C-alpha cells in the first residue's frame, strides 16, 4: 500500500528551507482552529461571558439573592435594568451571578466526568481483557438507565440539592459515554505500531499511557469534554425547570428561565426570561462551535460539522 | 498504427483547488492515445498523477478537483462535452475501470451478484433473470468455480484476490472498448498478482479490449504492457514501447527508477536511488519538474520546463538532454 | 565496481564466526477466535505454528511469505511484544521467553524493531528529537545534553539534518519517516533489529534510498537483521539467508544464492516465478498457484501447502513435512525431498 | 445473522438482570417499602406492630429472598401499590400512561427521522449550499435551545396566540374513536413531538450529513459511479444503506436520550405519559412508582437497543460473520 | 348542590390563598348583569384544574380537593351550608334535635333517585355512616372517622364486637336518626357527610371499595347530584353529564368538563376561550388578577378563603425519646432557646411588615389576619387581638428588653448570654407565594438585627416529616392551613397535645379555653362560644406560638357566557344545576 495522496499533501515539501518554522501537531491544530472563524469568534464570546460573570460585582452593586418586597415583578427601570422577579430580586444581578453558577456547574461537572471517564476509559482501553469487560459492563448498565431518570431517582432519595451534590450526581451518572469514547480511542491506538514501538524500547505502562496514549487521544477527549459542558448547562436548566435544579435564592440561568413558566411573565416581562434564555443559547452555541472547531482542528479529515 | 485509437487524450489538465489559494496541478498537460487491443501502461511514483489521469477520463473527479483543459476522445466523441447523464451510459459500458483496493472497492452491503447484475441491467437492459445468468457466466469466466454461490456472497466473505476477480467480472460485463486498471494488483500478494494480471491479459485477448494499465511496478510493465508512459509531476516524461523503455532508457527519471529497482536476475550491492522525494503537486519546481532530483541537471532546467520531444519512432522524452 | 563490493559483503557473511545471536525454537502463536452465541473461544488462528530458526551474528535473515502467513507475528513474538503460545526464544544464549517484563527491559536495549507503516509507527505528537531520545530516556541514565548529542549523531547517520530534531513526523515524507524510525531503533546500539517490511510502503526510488541506508548501517554497527518482506527482489538484495513462510510455518530456509538459484519447495518456486521480471526479452514461465491462502484458523491437514501445490500427492494430506537439511544450510519442508 | 441475533438476545438477559438489581438496590435506599408500596404502621407509634408488619410483608427476609419475591411479582406485572395514589396498583397507573409515552416517543422519533435524515442527505449532496448552511444553523440551534424553553414558546405562540395546536393533553374529548381519534391524537402530539424531537433531529441531521459525505468519498461509491450508475442510484442504492448503518447505532443510543427528554417535554405539555407520572412520583416520593418507571424505561432502552442491533445486523451483512 | 369538603379540618398540603371578606360587589355583578336573558338549556362548560385528581371518586375515601371538584357535582349530603355558613336542608327536608343535643332525626326528601334510577332512602344514609365506622375502614385508607367517632356504639362496631351499629338508625324509608354518645356541640357538622348508594356498595367488603369500579370508573360512580360523572380521559379530562332526573329539577347544562391544564397555560386558555372557568381549589393567582381583570369576556369573583399562612415558632421541642416513641407529651417538652421567649416572638411579629407582604406579594388580594380562625366565622374577633402593626423600633425595644443586643457590633444581636444568636427559617416547596415570602421574611428579621439562617426549601412531605419530628434544630417554619367551613373550633391545630401543633405550644389557658368552648351544654349557645374564642384569640396573640402572615383571597375567573353562578364562601361548585350558558 502506498501512502495516499492526501497525506503526501500535508507533508511539507522536502526542499523547503529551514526557515520554515516547524510546528508541533498542537500548534498545527491551533492553526487549523484559528482558521475556523466561527469557532474563534465563539472563543471570544465565551471568554467575554466568563469575564462578565467573573467580574459581576463590578458590574452591579445589587445582591442577586436579596429579595425586595416592594419590587416584585417590576419592569425595567434605571435601578433595575432588567426588572425584578417574583421575589423582587434583581434580574440583571441574577443574570450576571447566575452565569457564574451555570458555568461553574458546566465546568466542574465536565471536569469531574472527565476525571472518571479518562481514568476508567484508560484502564479499560489500555489493559483490555478483564478490566475492560468489567468497566464495559458497568457502562452498559449505566447506559441502560435514562440519564434524567437516574438523576431524578437519586435526587428523590436525597432531599437537599447543593451545587456540589448536583455536580457529583451529574458526573456519577454521565461518565459512561466518555469512558466508551476514550476506550474506543485507546483500543485503536493500542493496535498502532508506534505503541508497539514504545513497548519495544521498554517504556513503562505509565509512560505509554501518558506519553503516547493521552496526547493522541487528546483530540476526542477535549472535543467531547467541550460538548459535554454544553450539555450540562442545558441539563442544569432543564432540571431547574422541573424543579430539581439548584433552588432559588441561588441564581442560575436555569432557574431564571423557569420563572417564565407563566404566561404573564412570558408576555409581560420578556426582559426577565429572554436574557437568561439568550445567555444559555449563546453560551451553549459558542461551546458547541468551539467543540466543532476543535474536532476539525484535531481531526482534519472528519467532515462532521 | 493504422487503426484508429480507442482513446486519445490531448492536453489534459486536472487541477485541485486547495485551501490557502494553492492549486495542485495533479495532471498538467497530458497527451496520449490508446489503440484497440493494446495495453498502455502508465508508471510513476506515488503522486505523479496516474490515478487522476484515469479518473479524469472517467470524469469522476470530485471537488475540489476540476478538469480545466484538454480533450478526451473516445473514438470520435469528446467525453468532456458529454452531460452527466450521457456519461453514465458510457461509464461501465464503453469504458470500465477497476481499482487498486479490492477491500474497499466493492459495496459491503450488497452481494457480489447484485453488484454485477446491476451493471448488466443498467447497460444491457437485460431482465433480472438473464442478467443473473450472465453474471454467473462472467464469474465462471474470471475463474470462480463456485460462481453460483459467490453470487450470493458478500464482499467481506471473499479474499482480496477473489474480490479483484469479481471486480474484473463486473468491469468486463459489458465488453468495454477500454478497460482502465488502476494498480489492480498492488494490494495483492505476488502469487495472486500474477493470477490477476494474467487474467486481465487473457480477457484482453478474448474481448479485444484496450487496457490502460496503471502501475508503479516496472516488472508488471515489462510483463504485461505494449507501450509505456512514464509520468512525473503530473506530466508525461517519457513515452515509448515497452522494449525501449528497458533497453533504451532516455529520461534520467526513468533511468533512476530502473536503477533503484532490486532485481531477481541481477545481483547488485547498491541500488541506484534517486535522491530526494517527489515534490507535492501544489509546489512544483519552476523549470523541469525533475530538476530537484536529477543527476544531470543543467542551469536551464531550473528556468523552463522542456517539451515532450519526439526522439525516434514511437519514443518521446521530456528532457533537455535530448534536444 | 558492483562486483567487487558484492564480493566484500559475501566475504563478510562467510567470514564472521557462525555465532548464533537469536535462536527460536518451536515457536507457536495462536490467537483465539471468539465466536458462537456466547462469544467463547471457538478456535485459534494459528498465526505462527511451530517455527524454529537461528539468526547468526551480523547476518540478515530474510523472511518472505504472503500476507497473513505470520511474518509480523513471528517478529513480534521474538521481541516478546506478543507472548508466544509455545516455544523458546534464546538471545545470546539466554532464554528470554519467560522473562518478566522488568527483566525484559534490559534485553530490549539489544533488540529493536522497525515497522512497515511510516505513518503509524511514529507517535505524531512527539518531535523527532523526543522520538529518538525516548529510548535513551527510558533505558539509560544519560543527561539531556548527552541524549541530545546522540540524537543529532543518529540523525546525521540516517541522512537527516540536526535542524530536523525539532520537527514533527508529519513534516516528513514516508522515506524520511522510515529514516527516523531507523534512527530511533539505533539509539540504544542494539545488536539485533527486526525490520517488519520497512520498505513496502515506499516508492521504488525511496525504497532504494532506505535499503542502501540499512545496508550501510549494518556494516557500520555490525547489526543483525531479521528482514521481513513480501517482495522477493528486495529480500534477495539485502539478505544473506532467506526463510519462506507459508501459513505460519517455514517452507524453506536457505542461503540466498541457494534459494534463488535452486528453489526446492514448490511454493518457493511458484513464488519466484510469479515475480514480474523487468527482462522484456526473456519472460519466464510462470507456475500458477490456484486459489488463495487458506485460513490460518483451519489450516489444511498434513502439508499446509497441499491445497495449492502443483505437485501434491497422497502423503501430503496426512503427514506434516518437517524441515530437512538438503546440505549447505538449505532446509526445506516438503515430502518431495525425503 | 440469526446467530448474532440469538447472541444479542442472550446479552439482553443479563442486562435485564443487572437492571433489576440496580432498581432493587435503589429501592433499598428508599425509605419504607419502595417495592410493594404497602404502607407500614408508623414505627414511632407502635414499634411492635411495625415489626409485625415488616415480618408479615417479608421485609425482614434476606435480600435475595426479597429480590426473588419482587422479581417474580414484577414479571407478572405486579409492581406493588402506589404510596400516593390511594394505594392504586402501580401497574395500573403505569399502564394508563405507558402507551401515551410510547406513541409520543415513536411519533417524535418519526419526525426526527423524516425530517433529520432527508435534510442531512440533502446537505451532504450539496455541501456549502444555502440549505446546507440553513440546516447546519438549525442543527446548532436545535442542540443549544433547552427543549422546555422551546416548548414553552411553542405553546405560547402556536397554541395560545394562534390556536393552531392544542396546548396540552392527548385528545380533545374522551370517547372519540377510530380515525377521528387517530387524527386528534396526532394533532395533540405535534407540538410535544417536535419539542421532544428537536435535539434528535439536529443530531440525526448532522450525523447523516457527515455519514453521507463519508460514504460518498469511499471507494465503492467511486466503483458504482465508474460502473455508470446514475446519481440517483448511487445515492439511494449505494450510499444510503451504508450511511444508515451508523445511524442505526445512534438510534439505539438515542432512545435513552429520547426517554430522558420525554420527562421534561411531557411536563411542559402536561402530556399524561410516564414522564409526568415519573416527575410527580419523584416529587411525592412515591417510590414504588418511581422504581417501576425506572425499570420500565430501562427495559424500553434495552429493547430499543436490541431492536437497533437486530436491524443493524439486517442491513449490515458484515455483522453476520463475527 | 353539596360540599363534601366541609369536613377537611386541616390540610397542610393545601396551601391555598384565602381572605378578604365581604367585597361582595363583584358577586352581585355576576348575578345581576346577565339577568336580561332567560336561562337556556344545553351547552358545555369547561373548567380547568392544574392537577389531576388521583382518581378515587368516592366521598368516603377521596383525599384531595381535585376529586372534590368532581364529587361536588355528583354527590349530596343531608344538610349543606349557606353563604352565612348556616346549615340548611338538602337531601333532608327537615330535622329535629333533642335537648341535650345527643340525637338528631331527619326526614328525607322523597323522590330522590340515584343516577342509576334507584330510589334514595334512609338505608343509604345508614350505610354511608356504617361504612365509615366499620372495621377495616382506616386500613383501607379512609380518613373520615371524625364523622362517626362520637356516634353511639362506634367503639363496639368498629372493633368488630358487634354487627350492629347503633349510631345511625333508619326509622323508616325516609326517616333516619343519628345518636351521639355525648352532647354534641357541632351536631349538624357531623351529619353533613355526602351519602353514597347502599345498593352499589352494600355487598362489597370495605377493603375492596377503594379499588372498586364504582369508586374509580367514570360511568360507574353513582350519586344523587345534578351531574353524573360519565367519562374520563385519565389525567386529562373528566366529564360530568347532566342528571336529567335530578330531583331539584333538570340542570340547564348538558356537560361540565374538567380539563387538567398546567398553571403555565391556564390563563392563556381562559383568554382564548378554550376554558370557561378557573375555580377551586387554587383559583387565579393573585399576580394574574390584573391580567384577568383586563379581559373583557372574563368575570372575576374574589372572596376570602378558609385558611391562612403562618410563620410558626418552635416554642418547644419534643425530647428525642418522645420523638422516637411518637408520644406527644407537653410536660416533657424542652423550651427552644432561640425563640422560646414570648418577647422575642412578639418582637419578630413587629419586625415583619405583613401589610406590605399582602400589598406586594399578594398584589393586595388578601388580608393580614391576627387570629387563627377563618374570618368568615362568627368566632373571629379582630378586636381581641394585638395587631402587631409593623414597627421595627418596637421590635428592637422588645429585643433589647429581652436581653438580645448587639454586643460585638457585627450588626446582629447576641443572646443575653452574649453568644451568637442564629435563628433558622425553614419552608417547604409547593406554594410559590410562600416560597417567595421566605427570603423576604428573613430580610425583615435581619433588619432588626436577628441573624437568620434561611434553610433550603424542602418538598412538602419530607418537610412535614421533619416538622412532626420536632427537629430540635428548627426555630421558624412556614406553613399554611386550609380550614373546614363547618365549625371554627381551632383545637385540632392548637391544642397542646394536637399532633398538628407543630409549634409545640403549651399554654394551659389556651387549652382550657378551647375545651370550654366545646363544652356542653353551655356551648349550645353560640354567644358563649364566641366569648370563649374571643378570649382564646387574645391568649394566642399574646403568647404568639405563630405569627399569622396573611389570608389569601380566592379569585375565581369565568367566562361571561357562564350565568347563574353563586359561589359559597367555601366553594365555587354551588347549585350547578342552575348554571347556564348564553351563546
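Order of writing sets the labels: A, B, C, D and E. Residues in every chain begin at 1.
Everything that follows uses one rule, which is that a residue touches a chain if its C-beta (ideal position, glycine included) is under 8 Å from a C-beta of that chain, and two chains touch if they have at least 3 such contacts.
This one's a predicted model, so the numbers in the text were calculated from it and none came from an experiment.
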Any chance you could name the chains that touch chain A and chain E both?
D
Does B-C or B-D have more contacting C-beta pairs?
B-C
So, in whole Å, the Cα centroid of chain B is separated from that of chain C by 32
Taking each chain's centre as the mean of its CA atoms, chain B sits from chain D at a distance in Å of 52
Would you kindly tell me how far, in whole Å, the mean C-alpha position of chain C lies from that of chain A?
48
Centre to centre, by mean C-alpha position, how many angstrom separate chain C and chain E?
91
Using the touch definition from the top, which residues of chain E touch two or more other chains?
264-265, 268, 459, 462
Would you please write down the residue numbers of chain B that are in contact with two or more other chains?
46, 216, 277-278
Using the touch definition from the top, which residues of chain C touch two or more other chains?
173, 176, 203
Chain D partner, complex, touching residues on chain A are 137, 140-141, 143-150, 152-157, 230, 234, 237-238, 241-244, 254, 257, 260-261, 263, 266-267, 277, 280-281, 284-285, 288-289, 302-305
In the complex, the residues of chain C that touch chain A are 76, 79, 81, 104-106, 108-109, 111-113, 115-127, 134-135, 138-139, 161, 163, 166-168, 170-174, 176, 181, 184, 188, 200-201, 203
Which residues, counting only chain D, touch chain E once they are in their complex?
42, 44-47, 84-89, 96-97, 152, 155-156, 159-160, 163, 167-171, 173-175, 268, 270, 272, 276, 283-285
Considering only the defined contacts, which chain E positions touch chain A in the complex?
263-265, 267-268, 287-288, 291, 353, 356-357, 360-361, 429, 432, 435-436, 439-440, 443, 454, 456-459, 462
Help me check something: in the complex, which residues belonging to chain C touch chain B?
2, 5-6, 9, 66-67, 173, 175-176, 203-209, 211-212, 215, 230-234, 236-238, 260, 270-281, 283, 286, 288-289, 292-293
